[in-house]
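Presented below are the structures under discussion, each in the form of structure tokens.
Same chain, two partners: chain A is paired with chain B first, then with chain C.
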Partner chain A sequence: MTDPACAVTDDGATVDTTADRGRSAVVMRGIHRRFGTTVALGGVDLTLRHGEIHAVLGSNGAGKSTLMKIMVGLDRPDAGGVTILGEAVDRFEPRAIRSRGVALVQQHFTLVPTLTGGENLVLARPEGRLRPDRRACRDRLASLVERYGLEVRGDVVAGAMSVGEQQRLELLRALDADARVLLLDEPTAVLTDAEADQLLAVCRRLAEDGRAVAFITHRLAEVFSGCDRVSVLREGSAVISDAPIADHSRADLASAMVGSESSGTYSRRASRSDEAGAALLQLRGVRAGRLHNIDLDVRAGEIVGIAGVDGNGQADLEAVLSGRTAPETGSVHIGGATMVVADPRSRRSLGLAYVPSDRYRWGLMRPMDLADNLELGRVPRVRGRRAHRREAARPALQAWDVRSSGPAARAATLSGGNAQKLVLARELHDEPSVVLACYPTRGLDPNAADAVAGRLVDRAALGAAVLWIGAELDELFAVSDRMFVLSDGELIGPFTSPFDRGVIGLAMGGLAPGSAPSKPDRSPVPELEQQEPSA
Partner chain B sequence: MDAILTLATISAALRLAIPVALSALGAVVSERSGVLNLGLEGMMISGALAAYSAAEATGSPWLGLLAGAIVGVLAGAVLVAFVVYGRANQIVTGIAVSLLAGFLTTYLFQQNYSIGQVPPRLNRIGLVALVLLTVVLLALVWFVLERTVFGLALDAVGEAPEAADALGYGVDRIRAIATLIGGGFAGLGGAALVCGPLGLFIENVTAGRGWVALALVVFAGWKPLPAVVGAFLFGLSDAVQLRLQGTDSAVPYEFFLALPYLLTLIALVLRARASRTPAALGVPFVRGTT
Partner chain C sequence: MTLTIGVEPRAGAVRVATSAVRSTLTVPIVALLAALIGGAVLILAEGEDPFAVYWTALDGVLFGPRGLSDTATAATPLILIGLGYALAYRARLFTIGAEGQYLMGAIASVALVTAAGVRDLPGPALMVIGATAAVMAGALWGGLAGFLQVRFGASVVISSLMLVYVAQAFLQWAIRVGIRDPDSFIPASRELGAATLPTVPGLDTHLGFLVAIVTGPCLALLLARHRLGYRVSVLGHNADALDANEVASRRVMLAVIVWAGGLAGLAGFAETAGVNGRLGDSASLGYGFTAIIVALLGRLHPIGVVLAGLAVAALKIGFEVAARSHELPSSLVGVIQALVVVFVVAGDALVARGRGGSR
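For the complex of A and B:
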């Protein structure tokens, strides 16, 4: 193993800590990658340099993770070239690329949960064919721990470690292989503030040793507090490429991340908020998973949009409101009645309709026919004859414009848009007073998305309280009466129409409005009770 | 009762335990890599017939053992083709292999020996040699699993295949090797039954011992030594029931016959909750699904 402090030798076995600085470590040119009809990357250029921390910024689905996977050989580009330390990559294969000194620390760790920290280290880079015993594994890890100052226990199984410790172990594994290029995919998403600061300091130290570090993130504060260069990806293209950090302001990067054009294809609401009535959905001090102390009111007749980058607590909010998991503290009230925790039946009987984020997992039974899917969760114990049930389903399918070969078709045969309309047909059938819609237009073509959005807007106009968790800002701007940004488990807002893209972009980057610009801001949620929507 | 636990009973127990122990060792290896080998019974009986034919033809029971192991590896290759590379359902494929092998061995055996004809008895391998062989193989399996990087990778593939893949280990290759080893041990187990104490092949000679071996793997918590100890306990109860059959008793002999299997079931239920199944056991690996 190379000691980073070593002087340079003639044979080039060790790397000078300063002469390399600024030289290209990885050059990616014109990288294209598509999955089916989705273009994940449409010709992206990226250069990582020795001695620098390069922030790769982008919202969901911008292509950040795909780009990193290509760089380490977990995926291959359809077109374009990658050069690592001066040599072109011809085989996109994890082991070959790792041996060239490129290591990726993924969001989902590649640790084996039943093996100890030391054993996981040995697994990644065995020395010879024999496996050292646990004590030797632990000692090997301990020497790395001492050298890099990253605290990891060598004799505890990975599954019993905190995510922070698991991440440090991943990082040590990469350093053990003497990686010259370190890629960290959303490394701070799972860390506490103190751990995140520590990680940034470690990355700085590693860069100073001459390594190239790429930091994939959506948090603007980290870009400014720790990085040298920035690239911004949006919808598979590099909007900003390899720019020195000093060239851009926070607002620049925020707008580059969320875009500025408005498609305007979604149905806009004729009237907003004026007729909003009683609070039908109330969250009081809800803590669950990543959610800290959420207070929220959704009133009759309004749509409240929740924006934010995935992984900031959306999944926990969905799980709590749908009744799948119980909040650690706090309560949920629907129409004044308290929802029984972790009981989907209570949620349904109180009139909360649920359009799940994964319609095939929680919304539909794919092998069952449309008529049966329409009846799921809302039928009596004894059912009528199949022919009758299918006949009865016909009008609903027509009313909701579910295009299929008829009520006997299996749900699996539906297109994404029709499947979603089927979910809506069932969930909105009994005129619910509250609707929880999670990414209701995700994966739909514009016409289907428009139709789905229109149905939800109609339901709000008829007096339902709608909570819409979404990813596309234009769409949320079009349908929402009020908006919040979910960032790091906290609600920032409310924002009211006309919505300010720049402010919301900053909030999605973890910067609450009015926060100090120099350090990561995790200020408490504004008191929602006191901020009435502008009438 | 003291007559039951004599030295003769112990040696009978060893005789009955060895085929089960060898198969269970093989199953430990394949299951720790994430491949559920429900074809174990079929691989045992295939190995048994191969061993009988080879030993009878050459006169050497040791060559019989070798033939059994080879045929076991070949049967393992069938499972590998379907389950590891074809990503077929491991439960259905494994049961199909067991059923097919059961009927195929019966058919092939009847082709060679017509009904009523008494097949010749083999030269038998002594009990001590078989016990030594089992102990050596147990040590070998333990060493590979616990003391080699291959064993570490094998566990990684059975617990978190996507992690092993990301580290550059060939998940399919490791699972294939583990399944072939498992097949070889099962074939050897069947061969040990025929070339050892019995010296004969008869239809359904394994009598469900492959299934017992599978249960023992769970009972043993996927560890080699407990698997062999479990096999001995099974053999002991089998030996005891054989003795009990011979005693004057109002209890029908079928009850004693069922006794070892019943004890296996009870032990399994009592132990099952305590042991931890490899997380990816029975799950085909497809890159990018998790």
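For the complex of A and C:
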């Protein structure tokens, strides 16, 4: 052990418990980091203390992972200082920082699937140049297993372990170097509820040994059941910094994550139709991935907003509704006809337009020109001459205000807002009866976001059923006729206008309206335990 | 406002287009010249005068008694297979096993047109039967690698190459046992007889050359104006977007590799029926691999592939002529061809870096 502040003996576990409790282990001050024109972190303060579990919350892209990476030296700040165990960090280099006793368990597993648990352990900190024999590896793992009480089999290859066991192995590997500061990047995202509970209990024990533990999560329930302090990041700044858990309610945290003040001038719907139209999009008992038993009707002329903290089933909902994956049970109907899986053209002929959450992955071909991008999904068997095709694309680009050097420009040259307008121009061209819009304004500047929202509102006014999966509550309040909250794979709601931020915030925190606040935070969900690790 | 939109984008488009055309043409030409310079160094090392050797080669191709017609004949299989590779590579499907599809096409067509009962049909009918059988066999052999890719995720790079060895072994069996000419002393099939491709009047090469030359523009038309061509581009640039909006990408993958295999199979029939006259041990001279160079040198563009096929064939014929009057190892052509690939790939990387763009 290199750090003089923590006197640790060889048998380790129970030393320096109370003396260090509450003292700062890591202090970060005014951390700035930008990537190109994107500000990932704009002056963040964070303090991790010995003996405490610190939850770091934030929606996707809020800067949590960047902050963690800086703390372990995988990235460097543009400005600001980091102090680890009393010493300022001058070199942001993983090796140097690891030797000071900081370990990160990354979001994605870094195990070698064909090596056993013991071999994976030894691989991270080899002793000597020879490949160690299996028995030595197993023994080394066994001693750690015994010391920390984390059940991992030493002679089974990592690829054959459950996700929970892999997670525990990752954790043991981090503890192998006797880390005093342990960072966990969304450790529970892939775990079943029971496994997550177990992990929290382990973290608690490690904290009681005097370690500082930081924990990134999307799940609010865990914050209350297992953490001492909380920081909330939003768009690169700390909205809540180092606050004791007791000072905050779930609703507070949920609204801190998604923002509370009206930030943009989103278009409000001029007139909301009182008469509900026919249900054009229907989900019946849909179960897929994290989703359990979703029932939902979206009627002609209305916009239904889906709010919720990321990672509660949004990705599964998008995959099922866009026809990419089939629901495990249940069915999706569009205008009365059953959705066909993996046949995008039939999706379009049923009248479903799809604005994907990741437009560059699912919506556009960046190296191809705008005219070609506009034809995706609608291309005729025999096409016209290229010059004619480009000329034909011009009116659509103008009507949708896609600013570019013309139809021959490659989609890669477009700004985010114009790229999204290009997707909308294509998807809304055939006057779809149902529109699935997934985070349609994500990453757009206010003007572009406003334009995109306005187009979707217009489409609903013309009689389309619009399902809007969103992150910004104010935006959803402005555009939605009805709202639901997606929490832990279930839809809570409907909520109707005027929307109550407090109630919706609570629902996002996992508390259904009307249910007692004393409801247990976690109840084992048997269906989830069958989940296999994704490849 | 409308005026600006009307004028400015065209200027931009033209500029983009010219710079793309410039690098499309410069890279292969510079690469070819650089490879020839590299070859000159090797010729010097052999103690010969590179200028004299190159002059003899050029003179032999352009003015030699059979220079142009030999070049055309040698280019035929390279163009046909290269077109298939170009199609597959545009879809980012990196098959390298056209050699196997070529052999399977040759075997199937020869087996059919020399079969008892069929071989007595009139020549034109035999040619159509042979070509059809070759296309289908090549497509099937390519489709097998494609199927393994889309169904089991087995890399088409590996499986298509492995299937080459299967096809080579099958050829050995076919000419010794399966379709062996009982009257022949060496292992070979029967003579193709009436199925032999006729010589094109005035060109002094077989009909297959015309087919290859015409296939280039046909494929260019397919790519530019047919939905399949569009889907191939989308597959090459963003398979996820294709899956989400247009059609399941594995269907396009299969279609592409089947087409490429069909073209390679056709090359197998053209070479056997146009040049060899029967199926023997040397049914292929590695055309399936040389054609990779042709596809890359032709910038994956059908017209470019036709030109590149002619250029690579001319290189081969020219060096054959030069080797007769100079002391040169026959492996020199292979070295120069390999250098062409190296310089094309390096040139592309340099151009990409110069633009400051990463893909």
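Going forward, the second predicted complex is superposed on the first by the 483 of 535 C-alpha atoms of A that agree within 3 Å, B and C clash if a C-alpha of one lies under 4 Å from a C-alpha of the other, contacts with A are read in each partner's own complex, and residues count from 1 in each chain.
The definition used in the following text is that a residue touches a chain if its C-beta (ideal position, glycine included) is under 8 Å from a C-beta of that chain, and two chains touch if they have at least 3 such contacts.
If you're wondering where the values come from, they're calculated on a predicted model, not measured in any experiment.
Superposition note: with chain A as the common reference, chain B and chain C are in steric clash.
By the touch criterion defined above, A:S322 lies against chain C but remains apart from chain B after alignment on the C-alpha atoms of chain A. Of the two partner chains placed by superposition, only chain B is touched by A:R131; chain C is not. Once chain A of one complex is fitted onto chain A of the other, the partner contacts of A:V112 are limited to chain B, with no touch recorded for chain C.
Of the two partner chains placed by the overlay, neither chain B nor chain C lies in contact with A:E475. Using the contact criterion defined above for the overlaid structures, shared-chain residue A:D176 touches neither chain B nor chain C, since it reaches no partner.
After superposition on chain A, the stretch of chain C that runs into chain B among 3-11, 21-29 or 39-47 is 39-47. By the touch criterion stated above, chain C contacts chain A in their complex at residues 5, 8-10, 12-13, 16-17, 224-227, 230-231, 233-234, 237-238, 240-248, 359. Those residues of chain B that touch chain A in the shared complex are 146-153, 155-156, 159-160, 162-168, 276, 279, 290. Within the complex formed with chain C, the residues of chain A that make contact are 322, 324, 342-345, 348, 354, 356, 361-368, 372, 375-377, 379-386, 390, 398, 404-410. Chain A makes touch with chain B in their complex at residues 74, 93-95, 98, 106, 108-115, 119, 122-124, 126, 128-131, 133.
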